[in-house]
């Protein structure tokens, strides 16, 4: 295969939807390995490929309590932001409890959800595109 | 990155579809590790972000026998419920056999499917959004 | 949570699409662990939730050779069939080479793709819903 | 189950969309295991099931810098190409940094994204279908 290099063509423009949902959510309570990259965590990946800033709001749903949020995340134009649910504050996301999330934006974005589970010595990964509409 | 905290905006409202399908299904027969969180299992994650209770029905399909169910799961308004296929009863889901599932609800929901496989010393994970329509 | 048991309601009916595609495909060349369940493999999960038999055709695409197939798989009504790409014959799917697949059916079905990689002592898993249309 | 062999039917034709997005992107910085197949990497799987060549353009988005590309990849008719983001050049994809990608094609294609993480002794995998439109 030839090397993969830039070609003379325009960069991609906006893509996505304004509403996304992730039914799975669980930050494992416990970690092995050194440093933040091996801490058990869940990440929300947001891509804003457009020219306008994205004002993103994340609502969290639980099994036995009322929803929390919406947490605010600003994604600048032409940028991607990968945030850990571990870093949400006031209130934080409880460890070892199931939750779900709905992500809303004022401009089209794309969302994906990933978990790294390092409770055991060798890490495990899962990821999926979120459900979208609108 | 600044801390991710709640902002003054409304919580997310209903999102999803009424019919979902998961073609993959397999509860590994065997586990290592201690406690229910490390038992090999498959989870159905259901998010009901709306104001009405969701009456959810799960039909199981198999390779060599007639479908089972529908199993009933009630998801309260503004809640998420993560249920293990391991906990279905009358009949239970057989271990080590392939199956598939169709999830139906009277209000819009979002579904995701996750497996934790702990047959070997270090767990493995898979997850995907389910197929949706309607 | 109360036990999850069958309720008095009709079983789910047909769901899905007639054309599916999986861009990822790779049967790892090598395995550890005992027995067929720990052999490195890729599985195509097909759900036919309807009352008519599904005549399914799988075409394989490669990097450097012409497509192969279509391989025929019959999925009875109200059944799921999980087949390993490892078991395709005339020709078989080469190990350690990349491929992709398109799945076509005469009735609506749902498809999912899973890999178990056991080249190292502790297995790894991936799975995703396939792309669908039509 | 009977052997899965070719049947007398036409091969599958074109399928897919022209615009795809992957919000997750991260090439782990570090590897264990021998040879390129165990190097930590991310793969973009592209299927072109149609009769026309696909001229594919990949734009990369980052957290703190301007987008890069578009990188050019030609996918011949009736072929699949699986390229590693590790092999992009001028500039290369930075290791250990988050990114996202938008894939555009002049004909319908199907895209999937996979990561193999071998920073620890036993590899982990994730994969998901990309978001599509158009």
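Note that the chains take the letters A, B, C and D in the order they are written out, and that residue 1 is the start of every chain.
Quick note on the criterion: a contact is a pair of C-beta atoms (placed from the backbone, for glycine too) under 8 Å apart; a residue touches a chain by one contact, two chains touch by 3 or more.
Just so we're clear, the structure is a prediction, and the values are computed from it rather than from any experiment.
Visitor: So chain C and chain D are the same sequence; what rotation in degrees superposes their CA atoms, nearest 5?
Guide: Between chain C and chain D the superposing rotation measures out at 90 degrees.
Visitor: For the homomeric pair chain B and chain C, should the interface be classed as same or different, according to whether the shared residue numbers exceed half of all numbers used?
Guide: Result for this pair: different.
Visitor: Using CA atom averages as chain centres, what separation in Å is found between chain B and chain C?
Guide: About 20 Å separates the centre of chain B from that of chain C.
Visitor: Suppose each chain is reduced to the average of its Cα coordinates; what separation in Å results between chain B and chain D?
Guide: 28
Visitor: Could you list which residues of chain C touch at least two other chains?
Guide: Residue numbers touching two or more other chains: 81, 121-122, 124-129.
Visitor: Quick check on the complex: what are the chain A residues that touch chain D?
Guide: So the residues of chain A in touch with chain D come to 1, 3-7, 9-12, 15-16, 33, 37-38, 43, 45-47, 49, 78-82, 110-112, 114, 121-129, 132.
Visitor: Touching residues of chain B toward chain C in the complex: what are they?
Guide: 19, 21-26, 28, 57-59, 61-64, 66-73, 81, 83, 87-90, 96, 98-100, 102, 104, 115, 117, 119-122, 124-131, 133
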